[in-house]
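Here is the structure we will look at, set down as structure tokens.
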Amino acid sequence: TSPTATEAPTAAPVKTFRIAVIMPSAITDMAFSQSMWNALVAVQTEMGGETALELKYSEGMFKVPDAAAAIRDYASQGFDIVIAHGSQYGSSVQEIAPDFPDVTFAWGTDVNTFGMPNVYAYTAAAEEGGYVNGVLAAMLTKSKTIGVTGPVEVGDAKTYIDGFVQGVESVDATINVSKTWTGSFSDVALMTEAAKTHIAAGADILTGSSQSVVGSIGAAKENGSVLWFGTQQDQASLAPDLVVASQVYDWTGMIKEIIAKHLAGTLGGETYILQLKNGGLKIAFNPGYALPAEVKAAGEKAIEDITAGTIVVNP
Amino acid sequence: MNDVFQLSVIAGILTSAIRLATPYLYAAIGETFSQRSGVVNLGVDGIMLIGAYASFYIVLITGNIWLGLLAAIIAGLLMGLLMSLISVTLKAEQGISGIGLYMFGLGLSSLLFKTTIGTVKTVTGFQSVKIPLLGDIPVVGKIFFDHSLLVYGAFLLIPLAWWVLEKTTWGLQIKSVGQNPAAADSLGVNVDRMRYTSVCIGAILAGIAGASLSISLLNLFQENLTAGQGFIAVALVYFGNWKPQGILWGALLFSTVNAFQLWMQVLGVKIPSDIAIMLPYVLTIAALAVATNRVRQPAALNKPFERGES
Amino acid sequence: MLPVKEGKAVRSSHRLRWASPFFNALLPLAGMLLALLIGAVMLLILKVNPLTAYGEMVAGALGSVSGITQTLVKATPLLLVGLGICIAFRASVINIGGEGQIIVGAIAATWFALTFRTWPGWLLVPSTLLVGFASGALWGFIPGILKARLRVNEILTTVMMNAIALQLMNLLIRSVLMDPAGITSGTYLAQSERLPEQAWLTRLIPQTLLNTGTLIAVGLAVVVYIFLWRTTIGYRIRAVGLNPDAARFSGINVPFNQALSLTLAGGFAGIAGAIEVMGVQHRLLEGITSGYGFSGIVAALFGGLHPIGTIPAAILFGGLLVGGDKMQRAVQVPNSLIDAILGLVVLFVVGSSLWSQRWAARRQMDAIKHQEEQA
Amino acid sequence: MASGASTKEKQQIKRVEMCNIIKYFPGVLANDRVCFDINQGEVHALLGENGAGKSTLMRQLYGLYRPDEGEILINSKPYTFNSPADAIEAGIGMIHQHFMLIPTFTVAENVALGLKSSREPVLDLDKVSARIRKLSQLYGLNVDPSAYLWQLSVGEQQRVEIIKALYRGASLIILDEPTAVLTPQEVNDLFVTLKRMVKDGHTLIFISHKLHEVMEISSRVTVLRDGRIIGTCPTAEITRNELVKMMVGREVHPLSPQPLKSGPVRLEIRNLQVMGDRGTEALRGVDFEIHSGEIVGLAGVSGNGQRELAECLAGVRKTTQGEILLDNEDITSLPLKRRVDIGLAYIPEERMRDGAIRDFSVQENVFLHDHSSTKYTHGIFLDFSRMRAFANELVNKFNVKTPSLDTPIKNLSGGNIQKLIMARELSRQPKVLIAAQPTRGVDIGATEYIHQRLLQQREEGTAILLISEDLDEIRVLSDRIAVLYEGRIMGVVERNEATVEQIGLMMAGISMAETMQRTS
């Protein structure tokens, strides 16, 4: 691997590739930020460790101007790729990218590259996995009541749940999916109580998104027989008996492709969408949960249909 | 809408409310001790976080919930000593010391979590203990007598705190340094020591409040787990007129409305969720606005004491 | 005849009194150093060289045009919130509602600028700022009037109003204020449409975020100083804060002035929100307050509750925040370490004020001892 | 310390010596090599002007301050007090100039504070109450142990203070200006108690600005000036005038007001009814009038409605019924500000609480009322140069001793603060002046000055209502004396007609007609 198009006189023959990522929450959030960080670490291992790929991160950057400062700072330090992992960073990327034509910027989740040659945009079609989870859930529920716990009705929290409801309805439109929003990405206590409320109201299956759903999983676990469907990360480790499946954001493919393109001289201008089709989204069935074969088959059928395009999930 | 008035729903709301109230009760009763002695501690949320982390970590590595509780107590105590050092010995402005303490607790708890645990995990914490006989009463038993020990503890704390403040020499001394430290001092009451003790009791209870989240109600730890509950707890002290029983009503009101709005969402009552979430805050303000007979705050609240200053 | 006593001491009884400017400057620095020292120990535990880390911190905040401008950009909302805190504290009112007031100011400014996007800049900018002020003021007025009329404690109400404002923003940002582009593209981002360019505050240095908002804030600091010490209203507010009884006996309307000061405090936080939207983000986003509502209190108290003193205090605090981020990037420590160190800085800096008072008293005593010995 | 601590268990203080005490405060040498001693069974009076260093000296004996130099010997043994707890342990008690009580506590709680209970950790207030009752009986200190402190009159509060000291078994009790806030009757009662205590073997240090009290109660007297001892001698061997000269450094002459030049009625009050703070009726229909150039003294035991009357006239308290006329204009419903504009001035009783702002400078305090008058403002802006000129003029005219106009007023002595407040109120040439306790706690020199000013104002035609618990002051200054009892005027007498007994009887609630009979 050697640099090609852009002239880099000082570049040594074995140059360490450098990626920096800016994330709104912690790299350990078991959700959005962690999904990206895990992918980067996986790519690093694959490429041969720190000498091949240097990684730097800034986490907890919920303040956009701070994130902008970080993006600019990393870019000026000569990082090859700067990932702005949060849709709120879009305008910062738009502003900074023109100043660093040699640096690749990737940002998401969104689809807009602003027409710039060194900006990639990426997003996840969370509704697809939501649909699959919905199908599975609909087939597993006995009480015909499913609870959804979410933070605020925006972004992929919303698209995931919209997809999930579609999936449920495709199986049985009489199932009652009730939703609660806590108004906060971090209020775990309220999220837990929301989950307990669903359970008390008869829900035997729960799902939801954001870093605070760990509380909902805890509630399911405490109850002992309520099932959980995850998203963003594989959440099986939090409740090995009760997590049926998780939609996993797998950014590794995308990252590898962006690296390759960067090395080949294409610094941006494209949009990546994680989908079931391109392997960016995966449904991780939890091996610890004994999923009835016909349910699993229905789930796999849904995956196939979405991949083939015979089912279209509306975001 | 009719669903809301079903017995099971009402029972559900009350059960939730009792759980939700637990951390507020610990923290607000603790803050009451602190404020009764004349020290406003705005750092409650930070102490709760440290307590939550410490107890969670200890339970995670030892599996012993009692050691976990002890860790929360020790962590709270250390934070209390820090707060007292700054605001009592060094007589710093209390509001700002508290904000500093909050930032410190928030930062340190996350840092420790990152370096020692790394990712969200769960533990087996305090389990529900059904009280014999009482717990078997239909509906009522489920609402009141089937909770974890830390939940019972929070409610037992109310009469205990009342007793300490109203019936013991020690409570008398705490109140005296909050009302007129010069007078207390002139009778040989050690003002600084009383304030240290009260702030530390407050901090220990805040630590337990954190533990009630991380090893009883949620059984997990995450960065900023409390999400600002400590500030609400401070507000509840004002709501409760610095009295344990007042705080009980405040905490129950706040958490009942919160439970109520969750149930409304679950039952699909058509109200935007954001409006529903605002409800507890709005109603708490409204309740205080219409309540009569407001008590004056401890006269020396927020005033550092130095001998010879009248 | 009553003896005249020269040079009576500054007493420490007033909790917010700070001693001479010299010690004012020196001791907080010592407090800060102590905090950084403890931070250094933590860094060592994390196997990071503290010198490198702190070097990056200083360089990040002050070492470049971009660092300095970032510091100033951060100092701006801190200063504005701090100015409001100065007014409120002078009236003995505690305003913990900065967060909510910033949010409301930001929401209103966004709504206004988007609604009247066709107005020319010379009209749109000042009126948007004014709308930000007015809405923040409204958010301060509610606790103010509750305190004045019904004696409801303002700590309770301002804390609760923060939560309400946050939910209000959540509600609006994904309904009427949501960026239509996010809806059409299906991303449903929690942010508003970008403000029209004529509503932007002019950037002072190209390629940086520094904008005229900073100048506005500094200008307002002077205005607040004049307001508090040179006008009748300011005189009344200070009188009410220092002794409500005497103020009442002088015909001053105590509740009115308390409500007024909370309203003004809210207004300044509201402007801070408007400036964040108009000068920095150019749109309404989640997390717009960045905790400025709390750190503004710290800035004001570091500044001795003096509007002019709050200017350097805000810059210092802004610099710490910016430098902290830079340090995080450079040595890759968790962000939370920075929070912890900042908390210690706050604790030790307030803690140090006692010594400055003691020293001032000591010097006066020594002076008089000296006099007596000579006599 | 056991709750049962009594005089017997503690050491008997036979002799206390304070030797070469030096105490600095920032900017002040408060005690300059003071030597002071006291023997068992004596009442030692401590005299001196405001700021002479009396309280400071005593606070060192009570462990509140530590002397910078010098020694304290009790029964010839050196003692170091680090806190009041140590002094209490050594058998010393102190009644502070500003009471050290907790208003939200009951009497029993105030007394029990800081003591071990017999049922630790539980309070045993019944036992405490029982002992309070016993002490009350023994020394004639009548109080209800279960009453809250805020419910008590000043006199009762003081009794609580004394009980606190006795309860702790103090054998030496320091009384710092105990009579400043008492009525003559209460002073008499107090003296009865004090004498009983001395007979019981207690030793007393007594501070007062009122010489006749000192002459009456003390056996020895020490005078302090500017932190130094001027002299000590047995009370019997010194005259009043000599004492004044020692304190002030010059003679002070008694006042001789000119006869009344009666003018038209300026202030008229009809059937005034007012509620007190605790929701009780404070005034139950008060009528009187004051003429131009007249001083009406309002006598009465504190708590009989004086404060409420003053506040109601000033416009800071609501009237439930009745009318107030100023120059025949009805001002009953006017707010304070308007009344001030019309020509009403008020010197409040609690000068540091209601009359001045401690942390404001002298100059700022001058303009508490007038800061928005067009004379000193341009629009909303204050005109500092004019304010300064005027403040300067006032300070000079009224002889206020202050380092500068920018000094915080809290650093002035009590007398000077009072002079400044007077100056502020009189500078407006008021038509009506309400002066509540204008010389309470003020030393002789300043009292003389304030009295002169009041008389001068009377000459200028102001109608003055003088509210005072100092009967001497009332009798010297007033043209007519009204006596208030339980919210009603018991009677109004001309200066020359009034005898002390008569007034005293009326203060006790006996109507004028009846008093006439009794005294004639």
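Read from first to last, the chains carry the letters A, B, C and D; within each, the first residue is number 1.
Operating definition for what follows: contacts are C-beta pairs under 8 Å (C-beta built on N, C-alpha and C of every residue); 3 or more make two chains touch, one makes a residue touch a chain.
Just so it is clear, the model here is predicted, and its values are computed rather than measured.
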item: B-D or A-B - the one linked by more C-beta pairs in contact; value: A-B
item: Interchain centroid distance [CA atoms averaged], chain A/chain C, Å; value: 36
item: Geometric centre distance via CA averages, chain D-chain B, whole Å; value: 45
item: Intercentroid distance (Cα basis), chain D paired with chain A, Å; value: 75
item: Touching two or more other chains - residue numbers and ranges from chain B; value: 110, 114, 223, 228, 274, 277
item: Residue numbers of chain D (touch at least two other chains); value: none
item: Set of chain A residues in contact with two or more other chains; value: 26, 153, 183-184
item: Touching pairs - complete list by chain label; value: A-B, A-C, B-C, B-D, C-D
item: Chain A-facing residues of chain C, complex; value: 66, 70, 73-74, 166-167, 170, 173-174, 181, 185-191, 194, 207, 209, 280-283, 285-287, 290, 321-322, 325-326, 328-329, 332, 334-336
item: Residues of chain D defined as touching chain C within the complex; value: 24-29, 32, 49-51, 226, 248-250, 314-316, 335-337, 340, 346, 348, 350, 353-360, 364, 367-369, 371-372, 377, 380-382, 384, 401-403, 407-408, 410-411, 413, 415-416, 443, 445-446
item: For the chain B and chain A complex, residues of the former touching the latter; value: 8-9, 12, 15-16, 19-20, 23, 110, 113-114, 118-122, 213, 217-220, 222-229, 258-259, 262-263, 265-268, 273-274, 277
item: Chain D-touching residues of chain C, taken from the complex the two chains share; value: 1-11, 14, 17, 226, 230-233, 235-236, 238-239, 242-243, 245-251, 360-362, 364-365, 367-369, 372
item: In the complex, chain C residues that touch chain B; value: 11-13, 15-16, 42, 46, 94, 96, 146, 150-153, 155-157, 159-164, 167-168, 170-171, 175, 294, 297-298, 301, 334-348, 350-354
